[in-house]
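The structure appears below as structure tokens.
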Amino acid sequence: MDSRNFKERIAKAGFLVMSVSCCLLVVALAAGLYYKSRPVLQSQSFLQILFSSEWSPLRGRFGMLAFLTGTFYVTIIAMIISVPVSLLTAIYLSEYAPRSLRHFILPLIDVLSGIPSVVYGVCGVLVVVPAVSRLAESFGVYSSGYSLLSGAIVLAVMACPYITNVSHEILTAVPHGIREASLSLGATKWQTVKYVVLRRARAGVLAAIMLGFARAIGETIAVLMVVGNVAAIPRSLFDPAYPLPALLANNYGEMMSIPLYDSALLLSALILLAMVLCFNLFSKAVLILTQDQKP
Amino acid sequence: MKLTGISIRKLEEDVFKVLMRLATSIVIGSLVLIIGIVAIKGYSSLNIDMLTQTPKGGYYLGKSGGILNAIVGSLYVGLGATLLAMMISLPVVLYVNVFVGPRSLIARIVRFTIDLLWGVPSIVYGAFGFILMLFLGMRASLGAAIITVAFLELPVMVRAMDEVVRMVPVEIAEASYGLGATRLETAFKVIVRQTMPGLITAVLIAFGRGIGDTASVLFTAGFTDRIPTSLGDPAATLPLAIFFQLGTPYPAVQGRAYAAAAVLTLIVLSVSIASRLISRYFARNTVE
Amino acid sequence: MAKSHLQVRDLNVWYGERQALRNVSFDIPDRQITAIIGPSGCGKSTLLKCMNRLLEASGSVRIAGQVLVDNENIYADHIDVTRVRRKMGLLAQRPQVLPMSIYDNVAYGPRIHHLNRRSELDNIVERYLKVASLWDEVHDRLRSPAASLSIGQQQRLCLARGLAVSPEIILGDEPTSALDPKSSKNVEELLVELKKDYTIVLVTHILRQARRIADHVIFLYLGEVIEAGPTQEVFKNPKQELTRQYVEGVIS
């Protein structure tokens, strides 16, 4: 009897320690990255790093503006492509598709979300890059294809399954009764979707989009393989870009050989972490705040 | 007036119906395209030698040999990391659901932080693993990769396990306590048995995520033509093999990249299908 | 019998293999309250939802037979289902307020039929909220969310909303079963008022409610019409043994 209780108490304590460690992992991530970033922060002000576009590690200049704008553009354009496609797909699956089709398509979307990033990159290199190059030609612009647009397209395809899945779940959770109420008044199905279902699912869909955004910001490998990686602010869709995650991924080899380089690169990881965490927190806040207004 | 009113509504609906079908086709089409490309490119590069030999000759110039180093490396990293993650995830999930109430403060904090961790990009985990590596004096090796990927898999696994365990009706646990069992015994003998299929699925999902990731092992695994024989040896993984070898001008090396892509995709797809089949098979037998 | 412009002829409904309604035929008299009574699970709601063609929106059902409104079969191929539904207002068992303000709820119907002029909408909202005896309670907070109303108020709001599209027929699917006694009484009184202008078909499992407010009763058992007639006759002198058993509470 005593040994059972003893085991129980040991287990409980041990499990508690593990749980607390999990919670501390976030803190450890931020702290570790910050600790390593301090050297470069001591040599230049944070604002200087953020807003200067001069990136010359050999001269000790670590302005990250080009990378921040690269991330910004590629993510925004990817979202512009991905959100309508994802939402339309989610609406189709939850409101219009026959049940057999739905049961067939949903697992496929799941599969799509599980495909490794590097495989997306391979397909991006083989298909998207040449296509964008040809597209640029038709506009009279020369582009190797390794461009902002290619990065955005690959990112959009990667974000779609996630946003679609989550939005679909949210839409199917809308109670059936309000759909019937709208239809009984003589509304078409689309009017019901537009004015009633989407209205009810507003918060959840917004949260899904923001989470998709957060994941797109952090996506590294696939984008890196098609985006060109030139450290300058892109001026058109066909220009190469250099998103923030790609910075660290591309340059870790030389990290230790140039002074402050490793610190700057790890600072970029810290900035990335901060951005993603902010988006996550923001979307949680949206969900909580709008929860109260739900009927 | 009524007639025109109706046709505007119907027209709008028809337009959107077309757009919706188009959107869905784009999504499915991209899946078909991806699988197709991997299959076509992989088909021409895959043969028995590719799967059973390590690269021979100089690394980027190697004209013969295969991707065995990457296959074995991936399996070692994937299995090791998943095991490590499991040893932490299961206790944490059981603690949160069985030992303390799901409404308690610690439970909410754990779920909150796991949610945050879930969204952290894998390259950040890679950077953290790198820092840890330097701190502990480790080189880029199998061991470092396993630890880093375990960090990556942890939130995925915890979330998936938690979803299953929290759905167990509280009456089942209460029945067990009523018979005099301790929480520990209830956790392992009752809850785990009840949720085993879901837990297995969670492990598979995390495994798939870990084995397919590149950014987390980019700095922490090293890369080598050889199969690692100890935790301190550098290791190659399939994603790294693809990433490093795709851009070379040597077709033989490129071929290895495509073969690796095919093998990796196959592994990930099999894991995904297996986890589906498991949940579906066991869902038949559960009573609501 | 009074004039009828809603008739059901040989209606059969299948959910997959299971037949829910079998050769159902009857006439609904104009400007009266007709109650459809019977034990639960016998197809009452199914029958009601056939009348405004709402049933087909919920998945794999097969419907055969005719429902005639003004001598036109609403299941014919060329019929626009949204116009059919507009002719009938549905009051559901659980009040289904739309996720918008009180004003927008009532204005929803007219708006989707492309009536957008502010002044007209204001009139409609006021008028039907008054008909549903809700105006006094909400006129100063029309912009607040409909979800903030009590459940009895919500049901009256649904009634106002349904009336705002000027239907001819009101269909009620156990409209008081989710309400407290006072709100139930409110809704019943409203329905009795409304029968002056609308034909009302009510599904109820509360026999006393049917006795109280229905002029006409249809007894449905296991998907078949067993008996139909004026309330007094069916309750006092049922012609079928099954009917007698049900109204006397022997079976439920």
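Letters A, B and C mark the chains as written, and numbering starts fresh at 1 in each.
Following the convention adopted for this analysis, a residue touches a chain if its C-beta (ideal position, glycine included) is under 8 Å from a C-beta of that chain, and two chains touch if they have at least 3 such contacts.
These numbers come from a predicted model, not from an experiment.
Chemist: List every chain that touches both chain B and chain C.
Modeler: A
Chemist: Any idea which chain sits dead centre by C-alpha averages?
Modeler: A
Chemist: How many Å are there between the centre of chain B and the centre of chain C, using C-alpha atoms for each centre?
Modeler: So the centroids are 52 Å from each other.
Chemist: Round to the nearest whole Å and give the separation of the Cα centres of chain A and chain C.
Modeler: 48
Chemist: List the centre-to-centre spacing of chain A and chain B in whole Å, with centres computed as mean CA coordinates.
Modeler: Between these chains, centre-to-centre, one finds 17 Å.
Chemist: Of all residues in chain A, which are in touch with two or more distinct other chains?
Modeler: Residues 188-189, 191.
Chemist: Could you list which residues of chain C touch at least two other chains?
Modeler: If we look for residues of chain C contacting two or more partner chains, we find 82-83, 112-113.
Chemist: If a residue has to touch 2 or more other chains to count, which residues of chain B qualify?
Modeler: Counting only residues that touch two or more other chains, chain B contributes 9.
Chemist: Can you list the chain B residues touching chain A in their complex?
Modeler: For this pair, the touching residues of chain B are 9-10, 12-13, 16-17, 19-24, 26-28, 30-31, 33-34, 37-38, 41, 88, 91-92, 94-96, 99, 106, 109-110, 113-117, 119-125, 127-128, 130-132, 151, 154, 158, 182-185, 208-209, 212-215, 218-219, 239, 242-243, 246, 257-258, 261, 264-265, 268-269, 272, 276.
Chemist: Quick check: in the complex, which residue numbers of chain A touch chain C?
Modeler: Residues of chain A touching chain C: 99, 175-189, 191, 195-196, 199-200, 293-295.
Chemist: Touching chain B in the complex: which residues of chain A?
Modeler: Residues 4-5, 7-8, 11-12, 14-16, 18-23, 25-26, 28-29, 32-33, 35-36, 84-86, 88-89, 91-93, 96-97, 105, 107-112, 114-123, 125-127, 157, 160-161, 164, 188-191, 211, 214-215, 217-221, 225, 245, 248-249, 252, 265-266, 269, 272-273, 276-277, 279-281, 284 of chain A touch chain B in their complex.
Chemist: Enumerate the contact residues on chain C facing chain A in the complex.
Modeler: My answer: residues 52, 54, 57-60, 82-83, 85-86, 88-90, 92, 94, 96-100, 108-109, 112-113, 145-147, 158, 161-162, 165.
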